[in-house]
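Heads up, there are several structures right after this.
Each of the two complexes below includes chain A, the first together with chain B, the second together with chain C.
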Partner chain A sequence: MNLPEPDRRDFLRTTALSAAASALAARVAAHGPTPPGGTELPIVPGVTWDKAPCRFCGTGCHVQVGVAHGKVVAVSGDRQAEVNKGLLCVKGYHVGHILYGKDRLTTPLLRRDGKLVPITWDEAIDVIAQRILAAPDKFAFYGSGQWTVAEGYAANKFIKAGLSNNHIDPNARLCMASAVVGYISTYGVDEPYNCYDDLDYCDVLILWGNNFAEMHPVLFSRFIDRKLRGDAITLIDIATRWTRSSERADHVMIFQPHTDLAIANCIAYQVIEAGAVAREFVERHCVFRKPWKKPDDPQTLLGEPCSFDEYKQLISTYTPEAVAQMSGLSVEQLRLLGRLFIDRSKKICSVWCMGVNQHTQGTAMNNLLHAIHLLSGHWGRPGDGPQSLTGQPSACGTVREVGTLAHALPGDLRVDNPEHAELAEKMWNLPAGRINRKPGYHTVLMWEKFCTPSEQGGDIQTLWVQVTNPGQSLPNANKLFEAKQRLPEKFLIVSDVYPTTTTRLADLILPSAMWVEKNGIFGNSERRTQQWFRMVNPPGEARDDCWQIIAVARRLYDLGYPGMKDKDGKFLFHMTDDHGKEVEIWKWDQYYGRINVDERLYEEYRPFTKIKHKDVAPYSELVKSRGLRWPVVQQPDGSWKETRYRFIEGLDPYVSSGKGVQFYHSVGKDDRAVIWFRPYVPPPEIPDAEYPFWLDTGRVLEHWHTATMTGRVAVLKRAMPSGYIEMNSEDAAELGIRNGELVRVQTRRGALELPAWIDGRGRCPRGHLFVPFFDENRLINRLTLDAHCPFSKEPDYKKCAAKVVKVTA
Partner chain B sequence: MTSGLLLSLSGDASAVEQALAQLRACPVLTLGDRQGSWLTAALQTSGPEESERWHRWMQGLPGVGDVEVVFVHWDDEGDRHHEPA
Partner chain C sequence: MEANHPAPGGHHADRLIPAGLRRFIPILATTGMALGVVGFVTGIREPLPPPKQSRPAQTPEGPAHSAVDYADVPAAPWKRDVPRSLLESLNSSRPGIFDLVIRTDEMKQAALADRAKNRAFDGAPPTIPHRVDSSSAVACLACHGQGLNVGQRIATKICHPPFSNCLQCHVEQAAGKDVSVVDNLFAGLARSGPGERSSPGAPPTIPHHLFMREDCLSCHGWVARPGIRTTHPWLSACTQCHVAAAGENTFPPSGAP
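Right, the complex of A and B next:
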């Protein structure tokens, strides 16, 4: 239908208004599984719509993507999606534009004599295969929480079943590894027991070092809307600086960096002091542990059991008076938190993300948040419990569930557990012993090994990066990334969609398809697995990351590399059509042909998820839904049912009858969760006379991580064009610095010049600086610390010591 | 470029009334249903830059809490590619 221009404008206006009206109806009646207000799609002439999760954050909003003439031309919030009920944040509604930056990579490029020159895919695949053949044990894969499930699964199988070296780790190591280890050491198994529904039911929402308003804006609105509807709910922002989240909070508690451990322990102290321990729940369902076997022993993740009396003794020093001194919170603020946890009539939801995870005591802090909820009985009712959030769209789906970590196998299995490794060998039809029982290098170590000369022990020679930008996001980047420049024997392969800080040092660049240019599956923060189909073609020669992995695997197979064969001699990624005929999926023209490779890989992976009761839904069910939260279990009538809350009888199909609550993968094999005592341990670097400030880094609303995508969206770029340093107004006045003036910030690892933003969007307390990391021209991560949590290996980007001076012309 | 918006109105009654008056007078905005604190609107501009300007203007009005976008159509921008960051 071709409408004349005025009619077309009227038509689009009406369409826009009706889309908004439907979202409004959904907003007004926000509870319930499917929003009222109509789920029909906007009708725009010539535009066809299909569903996809948003490409950006871990919230996992669903969008409807409008396609016309082979291009994405419209985006609408998906009103059938429970996560966002038709709404999107500023990034989400511009998500379609990320495909169309002028500088999309469209052809493979190889560095020859210092210059990047175009080559064919065939040559590119050969270069990688030859590098691997020369030293398979010195090859590593660095992936991402933005990998789709199939991509991550293929990469994991390629490394663990194919190359047997386990050197695969994702960028998610940098953002949620502490949450993983926190869950495992508390409940024996990873990922939240609860879901976003808690935001609809809680009386109190506590943000632990989490700028929820900017990092998970749609979820934040979901909570704040309840206030607008008149719900008597309380928002508490426990933070190290004032942010947009603070603006909406009822109580803002600004604490000294790193003392969150003491604050959590102080809550536990007050619960015990008031006799408010949820005795029956704790006695039936929990045990206590403490970290050290002997004072001089190094910490071990499992620590040792302790009695409640011992725990009480250990926690006894965390009085409000003592913790007030340490944390900068007032005794009254600490008492307020204590009273909340003592009062079981109110439902408390604690959420956290990078502030707790990017912490040299990240695992400990995660343990403590679970501990205060378990101890006080604020656990298990909808709206009453602790929940970590992820930053990337598939940090849960691809990293945690598929196990693209150096120690992991799909389905929460471990390479260093002989039973697990044998099971995986069976499921992959591998000869016994193919899977190396030794974990590979975690992220920081992998990059250290890559950036260290071979003769000094730097035994990673070739590193393949997909769907991430470590040049900008690794901590202490001079050491962990830039050092590569001086090592000509090291070879960096980067698959990406745009030139980035990482491609700058790449020896081989592979152009990738992105988002709706390929089939995909993501898993969001609340255990929701989400599927979409390819809707448009990638530009030029750009191809799927998954195809790239399979093509290299096949080249190795053809060259006789034994690891790429299963125990029957078949290709590791052997696939057949409905007639049993092998499909040559390593050939691009057959990749999207007779079979859906994504579906095949996903269905191959799905049995792994049943082992630890994380059953993801069949692909065919995902196609019909806006994502389903695992475990998804078939009902007697043949339908499939998702699980909102795990470990609770009646809600989780795997809890045995009569148990009430059952932590069926518990650490001690006793069906009990662990309440940990974790002491305050000082940070590795604190401000001193030479470096008197705390330097904190993070994200902003307009850009997604390193802005490789959002930086190509003119509106977002204009809204937040460049990096800056947030400073306290009194600190700035003392140093003679005014708003917008250039300052030099310096740490023990590097220096950077940035304009000052004083009392702007975020407000720092005295002695605190904040710099966002999205600006590729102002690389703050050259200054950050690579010290990391001893258990999760996640670095601390939130605090190191720095100094600032005004830059004079 | 056409966007469907959901505005939340907040603050005292006079601030909300003043905001509504300014929104009604805005040449690129068509107001739709209002229910409680929420108001729907359609924004039609020449492109994303202009949309962003109006978005900021709305966001800055006393009486307006949040401005959320639920639909966006930009086919009328033709084949325009976006500049690199």
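Right, the complex of A and C next:
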């Protein structure tokens, strides 16, 4: 074969990648889908088992749910699930308990004269419809990465197609918005190109500010258990505090908060210094960009093109010696990271979650992680690449893919792109111009507007919250949530399953069905769409969130609100049975029965996913599988095939033949990924003489986020009963604080008393504090900062300045 | 067990010591033994200053442990804190493989009830009924690798292949004040047994699934709760005679509405 040089190289690369693809296929053939040990489940009279994804994090483990006499009685790891291969974490094993907390909300409650009184669903729906009718443009929807796909889709259609209002944003804004913007500005399209299989193939796993062992325990085990099987793997923990992940790490690198930007740039510097840039790959598949024309200008999202020489010049100040000074890592540690990326024989997987995303430079940090992998050629082989992780079960499936964001439409369309809006209007059969072209308020702004008096520009009057607990999870909660108490004209609607910090201030509470009390679809962190069926009935009057939205939409329709009709005058959620007869799904007794509303909404949504080649699988295929990773494409034999690695020929069906690697939605429409230069920028608040500590917040293994569910499970509550403040032992000694003693932590925004935990599960370096946010009696988010990334609008919960004093009785 | 401890002092001393000093021997020996016992007891306790308290929310219940006579050591309240090396040396209550195993219905019910105590439902990973100061798998496997039986306390043998992150599934339980507020109506699946016998005396079928319970000896071996111990530990191929309950494979999923 006598190919010209670049083509020959590409051919070799393609061949190598195809070989990897075959190896993958062989592995699947050898190990799946039937796991070793068979798939039998306990055979107990009266117990039936069915699959469902776990209700908690973004990992997307599958569980088998045992149901007897209409109640969930047991949960088992699902051995047919590729994600978890039968293993769960302690939350997952006890996920069945979350349905049965004694204080489940079972009836709609309206606040009258300060007291919550039970009302009927009919009254509740009417209250919402009247609030919306009074001011449709001052209504906002605050949703969730725990919304099922159908719920998010219905909410998005309801507000954008129905109310011509784009004030819809999810809690996922607080969680992975930086990853989204990082992917879009690097590859032109959102979500990882790779998948969890990287954990099975990598030689080195780098955790970037990510306590993997506690936050994604099943994935952590998937990697770390390879050591028991004799695999020579290395774990590197780049962190700001010592955690359970550090315990298993081969190298723990504790850095000064926020200097991760410099550390990533230092790796790029060393790759260039050593002449280890993956020249062929970079020349053929990448371009360089810088964030401004010249260094003193403000950074922009799409920046300016720059040459490799210029990039090299910009990165030249990030020498190991200089970065060691600012980051607190030693030159040797930085050199170790450099050597890893210089050596292409080892496959490196970088994973990150909140440490990188909840960052005032979150987009920049995401860009840099992609950049060091692209630049060094540690990209594309299974096991060799960067991958972000999500914290909610459908942050990807519902928020990112359905587009329940203030600027987005399903299928990665944008409201402010006229072509996109027109396309969505066509697909939804709407009159031209129905979709408002102006993006709505992002999360922080939405709550700021809701908590500001109307006469001072607070133009959100009614806010409907579903499947999330912003009273506890919003940053700077005194400003963004508690201020609502003083604004009687504002109206807060909360759909939830238990009383929470948020329902405390609600004017109307709607009791919701949860998890296996309803049909649902989630999409996990690795592009896997997962479906489950309703297995038990919700308690009392509790009803599906999706039904609640449709019922309000119908009430508005009945009241003559024109937006709830499509171009032909049909109801936006018009559905018919097999005989073409309309099913009145806004009536609860018809919501389940003749048709599967979840399936109908999903199938209505599915064509949107083809626009950006994110084809989700047909519902009927999801029913049969433990989730499928998009794009899922039909084969000539009629079967459906999922995609493990995108943009790579032989693995992704949308890569043109002969391209090898093709970023087919690239930023510059040139099939190239962007290698970004993003400089170190100091954080907005830095410890000083008055507030000398860094305050970091986060999660623990036993509780999920604000613990409204896990806090009602005795096993989990007993394992982790209350919030605490983690302190460095020397700092504590200097302040006269002993283990277990009560400490008052204060920032410029609030103060909180907590018991100190010194040298416990996690260990802070000097000058650093850590407080978990799960405890509803100790609301640390009243102290955190609402400063956010300029591009992703994601706040930084990981660093602000604080002081601590011992509480003396 | 305590008898195995090397006696301090010296029985040979009387032959080597001049006769005039022999009358002091009982005093010397007693002093030596006393020092030895005190030293031993001190040595096996955690270093006192500063007292390490690793849980903020946990207040010690009951009075502090007081020193005990050597003879009372097996029942002493602090024995749960005895270091591992000593536990190993105390591991003498493991029965012989051909020892007669006595099992009664009462013992069986007691064993099953005890087993259910730290499981939220049949198949849930058991919670950890003791303090955990090291989260490494090595620390867990020191006792649970082969199982350990000390007095009435049993550290069961791990029933599945070891994973490296034990605390991912098994968590410690603190008896904190906050916890009493957890009010949950979940009623877990009870145990799935007993197995079926085709005729009296025939080997029973295995009534539970074997996933994550691959090692029968964990519950049924010699280091296990007496009531559900095998009566024939010398036979090691369990599934030769005991088979999983004849069963339907429940996949593809059933019960979909």
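One rule holds in what follows: the second predicted complex is superposed on the first by the 770 of 809 C-alpha atoms of A that agree within 3 Å, B and C clash if a C-alpha of one lies under 4 Å from a C-alpha of the other, contacts with A are read in each partner's own complex, and residues count from 1 in each chain.
Here is the rule we go by: a residue touches a chain if its C-beta (ideal position, glycine included) is under 8 Å from a C-beta of that chain, and two chains touch if they have at least 3 such contacts.
Remember, it's a predicted structure, so these values are computed and weren't measured experimentally.
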Touched partner set for A:707, first chain B, second chain C, both or neither: first
Touched partner set for A:247, first chain B, second chain C, both or neither: second
Chain B versus chain C as contact partner of A:756, first or second or both or neither: second
First (chain B), second (chain C), both or neither touched by A:633: neither
First (chain B), second (chain C), both or neither touched by A:94: both
Contacts of A:86 with chain B and chain C, given as first, second, both or neither: both
First, second, both or neither for A:322, with chain B first and chain C second: neither
Touching partner for A:681 - first (chain B), second (chain C), both, neither: neither
Touching partner for A:68 - first (chain B), second (chain C), both, neither: both
Contact breadth on chain A, by residue count: chain C or chain B: C
Shared chain A surface residues [contacts with chain B and with chain C]: 42, 44, 47, 66, 68, 73-77, 86-90, 93-94, 96-97, 100-103, 221, 224-225, 228, 711-715, 717-719
Chain C-touching residues of chain A, taken from the complex the two chains share: 37, 39-44, 47-51, 66-68, 71-77, 79-80, 86-90, 93-94, 96-97, 99-103, 213, 217-218, 220-221, 224-225, 227-228, 244, 247-248, 533-535, 592, 623-624, 701-702, 711-722, 724, 738-741, 755-757, 759-761
Residues of chain A that touch chain B when the two form their complex: 9, 12-24, 27-28, 42, 44, 47, 66, 68, 73-77, 86-90, 93-94, 96-97, 100-103, 221, 224-225, 228-229, 498-499, 707-708, 711-715, 717-719, 776
Contact footprint of chain A on chain B as seen in their complex: 2-6, 8, 10, 30, 32-33, 35-38, 40-44, 48-49, 51-52, 56, 65-66, 68-75, 81-85
Of chain C, residues touching chain A in the complex: 52-58, 120-125, 127, 135-136, 162-165, 167-176, 178-179, 182-189, 192, 207-212, 214, 244-245, 247-257
